[in-house]
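I've put the structures underneath this note.
Two complexes, one shared chain (subunit A), two partners (subunit B, subunit C).
Then we have the complex of A and B:
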């Protein structure tokens, strides 16, 4: 028997197993391994902090999502939302699983092309598409989702110059009964803007209208909103078919499905309350199947799901730097993961688990990052066991947005690992060095 | 309606009727055989002429009266009159009275033919040469009173006749044949063959035998089998062998052998066995009928053949078991070979199309976790049932802890109607069980029963309470969402129970019934299964149709397909095909230039070509071979396979040898494979590339090969390229 760890004695009020007003108290479990790799060993080899992505989880999640839809609707296509996580290895896994690419900038577009994605399978979204990016997209027969009329005019102009008929879709915004209503992207359904641009496209004859797109919000907790969106887009597609005898090839309902993270201020944990793929699939498929599309000629349903497909596959490994008490006596723990790496800690109460054994005593703890900035708080209040300096922690559900929105602020960005299907780790992004940063800089002669 | 195939009324169809009247005597419609038979009949000029007049009179009268033109063209109204004409020609001398009698005797035989068609036909039997027998007997009996008719004596002075007709050389040829060193049995065989056309000599018989080989190898083999089983039987039993040689009446054995062994019955070792077994029966009939007819001084002619074939075919209709030993021909193609090859092929390809085309009752890919005669509950009267569950790549049926129904992939997924019908009964009362518990009191749980017809009901069980989308009595269409998968009844974990049953009751016994077409998933491989029962462990899904492929192979009657054709270095030419439909709703693609037809059918899931008629050098023939069977859904790297009837794609000498042994075994195989290569533009559904291979093989060795590469897009079959024995043919669509 190994020697028991020493822990300082504390005085703590007794809490029963009953739920308090903040929800059911969940047992904190230690997570010592990720896909068979010891947290301690990984940190030892690759340093701390460390991003770890599980290929197994990615593949099983996308398969689960596909299964949910395929069992209900015959034609479904996922398009990987690059902005959620555009590490090449991650994108490649999604493409291997059959996903198309959904990009929102020239940079992302080039990334997709460099990864070998067929131009016809790239959806180009977003309010800013530069002329040269649009030219590339037109040449490659990519699917350009028009965001505003100025963009449409540019496309018409480029089409003339390039002598090609671009494939376009119209991004539509609409009232689906949720707040806030996203109306800054695309054309409004209710006030007729959408029809206006559709008429312009159809009459211009310069572009091929292939799809309709909407993206009703983010971290949506109401599947019914998607049903409303699907119904409205289906009606619009059928009306276009009636009016112009023109078939709309696909309906793209964008992204917005929530992951299992718990939103700040949520009463119950996300794992228990957030709708599943099945809930969304049921709502969307029913709406489309019950619309007036012919049974044998249903449009392709495209989903640009990002967060829900990758969040759970991402783990952020870190180490405890210090413990201290605040002026009010609250326990503060400082770890080496800051908001520079974990941008999403502004949105979620991330689940944090220790990576080594501990006793059953827990204490309400505030988890701070290492930055010399007041806002660097990872969890304002978490029930955590007592951690010592040098102990490791695992922060869960960090796969979405962090690896694209992280910043080189105060500290450099760490290594990113991928653990493959055979549980073998691969370094997929090297940690930054000072030379990397300095390499981009130029110091004028007179300052040398 | 231009697309409907017109019935031909031209001279050529009359000529066809004339020729077929000759070959029909041997159940054939071969033109070469007909010409040989005409020559044989004219070996005695007077007889030949008499037969020819009888055919012309009979066919012209049938046309004038207004009988079915197709039947006339097939020779059905001519061959009995031909035989009567030949018989009368042999018996009586030429003269005005003779021709008058001949004319009316032909007319009489025609009426007798129509009468027999009605009388015998209503039992589903052929009238064979019964009209001829009645006709010739009536005429013979009556003619004894006609003083002006003279008995023909030409047969007696045959040499004189031959000399007068063809000079010394013909007499020499004739004599040479007669002195051929042939065994007695073979001599008798040839003479018996000739006797069918009232030509009792070796030369005629040998000619008929050659014609018979050209027409059908199997028929020739049967004629030998029939004759020699009689020969050996007579020797074995010690019966009067002169019965065979007297009037060469032995042809009764030959005709019976062809009729029973390969024409009305699919040739097989069983049909050959019956040919041998029927020999003693024919001999009994021969002797007994001879005894009776001798009283009237009448010849029995082909009476034993007619009687035995009719009795035998009629008796076979009373079978309740062993319906395939031997099997009756259902679609007559006037050739034992074609009957055999097409029938066997048809049986494999379309033998099960009479089943209602059931689909799987779900969307997406599910696993059969308990099949027919399953180990758990599919036993006894309930053995023909399936349990379906959704599994993941690790073969698990749930994710998470698996403690709640919601953890299971299949739970709450839509359940679809497998085929159109009416909702017969709904049971929607029981809550989902906890995982691992079973509600043994309400075995089937929430259940839906659909009536497809009065003998076929489908039952879907363990459904989710409150998930029903239909009500009792409602009409449901195929694939309609009717309820959701649940965990009620005797169900420890969410699954879908599906069975077919003959009665509407919950708890009814089950019946075995196949699923029409489905896709079997194995890792990343797909294969198509048709009219099969999915078995335990299979991962299956319905066919996901592809509208572009569906459109490309949806040939509409009246539609014209025009292709520009380029063959190697030759000048480009143009072919034009028209889609047609006949009175029985059979559809074909018709090429006017090559006078060819490729018959097809389309069941919504697959396009099939069924058979080809016409010129095998035409592009249409290659089109037929290359698009023999096409799945109307796109699955990358899927391979669709099928077999052709062996005579459809073969080599001349090889098929000759194959024909000879075909009733017993096939050593050649013609196979079709279609590869689904790629889809260039998934969104716009254009740029399908498919490749088909047609091969002829002996064992594992491929001896002949044809390849076709297809390019299919929104405008249809945009182009195809045929590689045929070193020749390349490229066809590009101009109009569809």
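Then we have the complex of A and C:
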């Protein structure tokens, strides 16, 4: 007689109290494959943990975003936010899809140039732009978004040395009715700082003011805030035109659109509540079209959204190391994915699904990473099926920020795969080795 | 080791403790284990029966058995005379 599939015995207390007005929890689904590739097979070949990026999802998401905006506004340009995910393969997909590059450091700038991005299609943001970086950007005719007056004076100086007229935009911060108001970057709209730098640029004659930029926050759940931002920048652009008879070529509303992740403390899952591209497109486009721009003179609308375009394309595959009980009887499951790889677990309740079949019995589980650090918690509380040692899990929506903010801490960083449009896997970043790490270090002679 | 008196376990896996009014759900293999505990079977006998019936090794079954017993104790469902 063949044996039955094993599931560990479990008993779960039935809690009474108030029923959830939103009904029962969503059923957990097994995710055994990613774009046609078995999770088990991928882990067997490339190791665990393993980052997997879906090219299909990236391309379908950027198409969805473009469609939402292009249907509502005639002049749209996306610029890929390198800091969100600057793996060369990922950036190349966005560039193939027509996105410019939006960089915030000399390192990112050099990456974009190395990928063959035309310097004129690189937007250079951020508070730290070293002189050598600015020189490169000026020579390449890139779009330099000025963050502070010190930077402006450096640009003026370099323009004189290089004999070129840099193309610049002013980063503006403003009150859009959301809290917290981001005012650390750029120049304030309400108190006149923005006008002050605009006047300086226009009177200097040393730089060409081509755009206005703002980035009002991150994981923004209110499209209406973008409408306010668009209105304020449109008013500013029109006022510049009136005062200086100078046309602002583009308005850059930055990024900040949320992905489908669920923020910690949110009552409902992000998939149900977070605004869509259509919601943002409607708010922004309406604000710009309702402003006083002439029909044939609408500025280019640039969007630097990162998270919303890449998060869903990223999966983090891992394995169960062990199960144990806490002092209160709660189940603790330790997996081989820690906060060193999944930085975003600090602010999201990431969706975790098992990669093998299971029964409908679940247990409230605290999911820990493998690091010998108390803060290494992936989910404080997740209703999960009865996972056993060696079982595999898939963590969803991990494409944004994790592959740039991950840390080589305690353990080495794993392989990253891209699954292409034909469902063929490609290794796009090799796992680190001890030699990689030691290769950067030097031990002084007297310590040998 | 015994289940406390008056604890009711249905075939569908609902366990009720009339003393505290608490209810629990138990999965099928858990019901089997509870049944064997009621029949006064000990750890070795229960684990051997599970190894015979299910696709799992001895270590896994013994570890999970202890985890299950610890949970029963945590929910005050056991009279652990031998240990006390």
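Following the convention adopted for this analysis, the second predicted complex is superposed on the first by the 433 of 448 C-alpha atoms of A that agree within 3 Å, B and C clash if a C-alpha of one lies under 4 Å from a C-alpha of the other, contacts with A are read in each partner's own complex, and residues count from 1 in each chain.
Here is the rule we use: a contact is a pair of C-beta atoms (placed from the backbone, for glycine too) under 8 Å apart; a residue touches a chain by one contact, two chains touch by 3 or more.
It should be emphasised that the depicted structure is a prediction, and the values quoted were computed from it without experimental measurement.
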| item | value |
| --- | --- |
| Touching partner for A:64 - first (subunit B), second (subunit C), both, neither | first |
| Contacts of A:143 with subunit B and subunit C, given as first, second, both or neither | first |
| Touched partner set for A:210, first subunit B, second subunit C, both or neither | first |
| Partner chain in contact with A:9 - subunit B first, subunit C second, else both or neither | second |
| Partner chain in contact with A:278 - subunit B first, subunit C second, else both or neither | first |
| Subunit A: partner with more touched residues, subunit B or subunit C | B |
| Partner chain(s) touched by A:120 [first = subunit B, second = subunit C, both, neither] | first |
| First, second, both or neither for A:375, with subunit B first and subunit C second | neither |
| Sites on subunit A touched by subunit B in the complex | 59-60, 63-64, 67, 70-75, 77, 120-121, 141, 143, 167, 210, 249-250, 276, 278, 282, 285, 289, 295-297, 300 |
| Residues of subunit A that touch subunit C when the two form their complex | 3-14, 323, 325, 329, 359, 361, 386, 388-389 |
| Contact footprint of subunit A on subunit B as seen in their complex | 362-366, 390, 392-393, 399, 406, 409-410, 412-414, 479, 481, 544-545, 547, 550, 681-685 |
| Sites on subunit C touched by subunit A in the complex | 15, 22-30, 32-33, 53-56, 60-61, 64-65, 67-68, 70-72, 74-75, 77 |
